[in-house]
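Chain naming follows the written order as A, B, C, D, E and F, and within any one chain the residues start at number 1.
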C-alpha cells in the first residue's frame, strides 16, 4: 500500500508525480494549474470569496470524508451570499505516511462534489508534514463566486415577521463525528448531513428574490447561526421547540451525553430567512431540491428581545436559547 | 446533578447491559440493579443503569394529580 | 403535559412559597422548559447546592492540575470538570500547556483507557453525589489487576446538605436520581423528625409541574409533608446494591463544599484497604489550599441567600466563557443557568 | 501568558473574541468579513488566483515568521502572473496551547506585509486542533489578483536568446530554516529572503511589457524553477556558475552539509525571463526596487538541450544541473 | 584554475588511459565540474566502489528497518542512507509507517540525541570508510554512561578494495580524505610490490585537473607511479591518532560489498569488549539475508565492467526518485551521478 | 565518499574545536588531530576535523605542475 512520504512534499519530481496522478487526474479542467496562479476570465459580476480550513478527525466518516466536506463547506459559504461558485482552490497538508489510496478517495470525492454544483478547482497546493506534525490530512479550500443579480443576503437583513427555515434535520454531522471518534462508546447509525447546497439555493433564488438571510450552520450549529443573525440584525428570534427537526438517533446520542443538537455542527444545513409571505414557496422549492427535501419552518423573527433567540417550550413558556458557548463536552450534570 | 436518560435493555452480557435510547446504543454497567433482562427500561447515568423504570412520566403525573385533586 | 398542575401553580396567590430545587439537573431543566417564566411572583425557586461540580472545592482542581502537569498523570474526567477554574489553571488550560486530559462518558471508560495505555498513569476524577458514586467506585473492581489507575475523590452525600439548607426554603424539590439510589426514608424522617417538607421530582415537564403543584397545594395545608412524585424510578428503599457498593469501597468523611464550607460527614473517602487506588496517596500529594476568587458570591447563591445577578461580577467579569466562580462553569451551575437561560422574566430585570 | 485553547476554535463566543481581538484588529478593511463570504466589487479584469499552505517549523525565524511568509508566498504567486494582488483570505489551524502573543505577532506581520503591497485580507478562518494534532500553527492563504493589461507571463513563453535574471542571492530561506531547526548544530547568521515582490514586479511591468516569465523560487529553489521553465517552454537554459549570487554564509552551511543552494528554498526571489535586449533595463528597475536590489543576470535561454539546464563551470566546461530531486538531506558522501 | 593541466589533458591523443576514481565524492565533483565533458575520447574515467552508501549491502537496510519498526528503536543516521531501498522498505518508507528516523550531521550528534532522550533506544548507523569510521566509533567514548545507545556497523576499509579493482584501470585517482587518515605508504607499497599506479587527489577543480594531468603524463612514461597530489591535507603517515581510535574499538572482518560480493578483511566490526554498543547483539538481531533486485547491474558498474546506461533499467525503472539499485541512491552513486549530471557528452548518447 | 569542507579553527574547548567555514560555525571533534589551535585550517568531515590543511589548492597545484613540467 503506497504511502505519502516527505519526498511528495519536496517540490521536486515526486511532488509533480503526486499532482499528476492524483490531483490533476481528478480535478483537471481548463483552468486547473500546477503553476503559481491560475488565470481566469473576468467574471463580470460582484464576487463572493470565502475560505475554510478542514481538520476533521477521522477524515472518513459515515456519509462522507474530509474531501467532500472541504468542497461543501466553501460551496455553501458562497451559496450563502447567493453566489454561484465559480472557482475553488485547495491546499492540502498531508501527514507523512498517509495512505495514497485514501488520498485518492478524498480527491475523488472532491471531484464528484465539485461536479454536482459545477465549480472548477483551479489551483492547489500540497505540503507533506512529518509524522506527528499534523493529524492525517488537513484541507483548506477557498472559493470565488459570482453573486446572482438581484440577490443580496446578510445576517443583518433579517426583519421582524420573517420566517426562519432550516433546510433539514439538525446536528447530524456533529453527532456523526462524535460517534466515529468513539470516545464515548456509543453506537448509532447517524450519517453526516454533509452536502453541497448551491443547486438548492440557485433554484430558490430563481423564484424568490427577496431572500433576506442564508447562512450555513457549520461549526457551532444552528443555534450559533441564529444568535449571529439576531445580533447582526438586532432582532429577536422566536423558535418553536417542537418544530425543530432532530433525528431520533441524534436525540438519543445527545440525550445520553447531555448535549444540545442546536449546537452540534451541520455541514449541509442552512438557515434561510425570508419574508413570511414567501415561506410557503420557499419550502416548496426546497422540498423539491436535492439535500433540502426535509426543510422546515422553525420560527419567526420578532422585535422582542433583540439580540436574543428564544424558544417556545412544550409547556408554552418562552425561554432563552442559551447563547453559543464553549467547546462541547459531554456532561453528567 | 445527574443527567439521566431512559433506555431499553436490548441485551444482557453478564454484568453489562446493552441499552438503546432512541437508536443510541451503549453498554452500561448492570451491577447496581437486580435481575435486569432484555425489554426492561432503565434510567442510565454516567454509564450505569441506576434504576428500573416502571411507568411513563405522563401516566405517573396523571395518577399523582388525581390523587392530589382527590384529597 | 400537565394542564391541571399548571393551573394550580399559576393561580396561586397566597403568601410567598420558597422552593429549593436541590438538583442542578432540575435547575437546568426548569430553565430549559421556561418554568420560572410561568410562575407567579408568589412562588420563588431557589437553586440549591446540588451541582457536584459547583460545590467541588478549588483545591480539587489544583490537585488534578498538579497530577497532570507535575506528576505527568493522564487525567480522565467527566466533561463537566474540564473548564472549572483552579487557583491558577483549569484542566483545559493545563491541557493547552501539555497536560493529558481525556474526557469520558463513564468512569468505567477510564478503566478501559488505563488498560489500553499501561505506560500511562491514569487518574480518574471521582466526583458526584450518591447517583454517580457507585459508578465511580465500580472502577476499583474493574481495575483490580491494574497498577496504573487511581481515583482523585471528592464525592459527597446529600443528607447533611439538606440539613444545612433546610431553613432556606419552605420545601425541597428532592433530586430524583439521588433518591433512586438512597430511597425516600430519609425524606420521611426529615418530615417526621424535623418538620422538613419536600417532594421527590423527576425531570420531564410533566414531572416537574406535578411536583411543584403538589408543593403549592401541600404548603397551603400547613403540615410538613413528603411525596414521592417520581415513583416510576424512585422506590422507597432505593437501590440496596448501589448503596452496598458505595460503602464497600468508601467511608464517610467531613467535606468542604465550595462556597458553603465544611459540612461534617457530608463526604466520602476511599477506605484504607483501597489506598492503592487513592491518587492522593499513590502520588503523595501535598495538602493544597486553593484560593477562591474573593469576588465570587457562589456561597450565598448556593444557599439561596442571593440571586446570581446580585453578584457584582455576574455577566460582566464572570460568564460561562470566563467563569470566575464554580457556579458559572457547569451548565447546571446556578449562575450559568441564570446567565444562559436568562429566565426571560428575571433576565429582563 | 494567554494560550489558545480548543474553545477558541469552537465557533462560539471565544472564537468571536479571538477574531475581534487579533484578526479583525490587525487585518480590518472595508471588505473584511467574519461571515460566510466576503462581497467584493467586480474587479473588471482577467483574474489570477493562487493558494498555498504554510507549515514552516519553527514559525518564527531570522527575518520573518509564518505570517509574513504566508502573505509573501501568495502575493508573489500572483505577481508571477503580472497580477496586482487585490484580495486575500487566510485560514489558520492553530495548536491548542499556542501562545496568544505569538499569534498576535504573526497576524501583525501579515498586516504589515499586506499593507506594503496594498492587498486586502477579506476573509479568514480559524480552527484549533488538539495538542499534538498540528505543529504549532499552519496558515493557508489564497489570493485573487487583477492581471495588468498587456502582461502575459508563463513558463512556456521562454525563448532562445532570453536573459535569465534572479532577483537576489539564492537559498537564504532554506538555509535560515535549516539553521533555526538546529538539527545539525550549525550556527550562521543567515536571514530569510522572505519578502513581497509585487511592487518590484509592478515597477518592472510598467516599463517592460514583454516579460516572458516570472516565477518565484520557493520550495525546490531556483534550480527547480529553471527546470520547470526549460520543460514547459521546451528550451535549454544555460547558467554561468560564477554569476549565481550566493551569500558566503549560505555557501559555508551548504558546503558543510553537501547541499546545493540552487535547490534550497527562497521566499522572496524570482526568476525573471526577458528578451536579452530588455535585460539591462530590467536589472536597472529591479536594482531600484525594494527587495530586488541585488538582482543578477545568471544565464540565457538556448535552443540546445531542450528541457535541460546546464551550467558553465569554473573550468569552462558545460555540465548538467542535476534535475530537481527529492527531500533534501545532508550527506557525508 | 589550472590551464597547464587542462592543456596536458585535452591534447592527449595516445592509447586509451583508464582512470578509476575510487571515491564517490570525486565522482560527484568530476560531474559537477564537467570534467568528463572536456576529456578527449582517449581518457576514460571509471567510477569505482568508493561510495560507502552504494556498497552497503541491502541486508544492512533491512536490519535498520527491523530495529526501527520491530524493536522500536530510534534510528540516527547520515542523510545518505535514508532513501536507500531495502528488500521491502527504505528508512524513509519505514518512517512513513511510524518509524523514528533522525538524520544527523555528525555521529556525535547521535550520542547527544541519546543523552537527551533516555527513554528512547537510539541506534546509529555506522557506515563509511577510514575517513568516517573514527567519528563513528568516537561515539562509544562519548556514550560511556549511556545504556540506550548502540551502533549498527557496516564500516569498510579501502586497501582490499584497491586490490580487487586493480586490474580494471591503468591508474587510481586515490580518495584524498581516506588517505588523510591512512597515509600514503599503502600506495607506495602497491606501486612497488604490485606495479599499481595512482595519484592521491583533492576535490577542487585545480586539484582534480592536476591529478589527472599527472596520471596522463606518468602513464606515458610507462613506469608504475605514485604521486600525492593533495599534500596540503594528506601526509605520508596519515593521522596516527585516528588510526589508533579505529583499532581501539574495531577489528577487521570479512565484508560484503553490495554488487561486488564478499571481500576478505575489508570490513570492520566492533571488538567483543564493546558488545554492549553493538546493536546486533543488544537487540539480538537474527541473520537477515536481504534480496537484491535482480535487474540491478550495480556490481558491474562498480567494477567498471559496464557503464550505467548499459543497465536496462537505468533512467527508466531506476531513477534517483525511484532507485532500484544502491548506485542510484546516493548522489555520489555512479548511476545517480550519470543520471543527474548526465555528463552532457555521454548523456547525449 | 567523504564530503569535506575546509574551515578555520576559531576556538578550542578541550577535545572540541569551534570551526568557521565562511560564516558557518560548528563545534567538531578535535580528537583525531594533535595540537590544534585557533587560526589553524582543518578539513572537516562528519563532525570531526580529519586533517590540518597546510596550503591552499591553487598554490599546491602550481607547485605540482611546476614539478611535473620540470621533469
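We adopt the following convention: a residue touches a chain if its C-beta (ideal position, glycine included) is under 8 Å from a C-beta of that chain, and two chains touch if they have at least 3 such contacts.
Just so it is clear, the structure is predicted and the values come from calculations on it, not from any experiment.
Fewest steps needed to get from subunit A to subunit F, stepping only to touching chains, is 2.
Traced through touching neighbours, the fewest hops from subunit C to subunit E number 2.
Taking the definition of touch as given, a chain qualifies here only if it contacts subunit A and subunit E alike; those chains are D.
Ranked by how far their CA centres sit from the centre of subunit F, the chains are topped by B. Highest C-beta contact pair count among chain pairs: A-D.
Centre-to-centre, using mean CA coordinates, subunit B is 74 Å away from subunit E.
Between subunit B and subunit F, the centres computed from C-alpha atoms are 83 Å apart. Chain centres here are Cα means. That of subunit D falls 37 Å from that of subunit F. Looking at subunit A, one finds that residues 5-7, 12-14, 184-186, 256, 258, 323, 325-327, 331-333 touch two or more other chains. With touch defined as above, residues shared between interfaces to two or more other chains in subunit C number as follows: 24-25, 51-52, 78, 83, 92, 105-106, 109, 128, 132, 209, 320-321, 332. Annotation for subunit F: residues 1-3, 26, 45-47 touch two or more other chains.
You'll find the chains touch as A-B, A-C, A-D, A-E, B-C, C-D, D-E, D-F, E-F.
Partner subunit B is touched in their complex by these residues of subunit A: 184-190, 247-249, 251-253, 255-256, 258, 331-333. The part of subunit A that touches subunit C in the complex is made up of residues 183-186, 256-258, 305, 308, 310-311, 313-320, 322-323, 325-327, 329-333. Contacts from subunit C toward subunit D in the complex involve residues 83, 92-93, 95-98, 319-321.
Residues 2, 4-5, 23-25, 50-52, 78, 105-109, 128-129, 131-132, 134-135, 138, 175-178, 180-181, 202-204, 206-207, 209-210, 213-214, 217, 227, 229-235, 239, 241-242, 245, 332 of subunit E are the ones touching subunit F in the complex. Contact residues of subunit E toward subunit D in the complex are 1, 6, 24-25, 31-35, 37-38, 51-53, 78-80, 82-83, 92, 103-106, 109, 128, 132, 205, 209, 320-321, 330-332, 340-344, 347.
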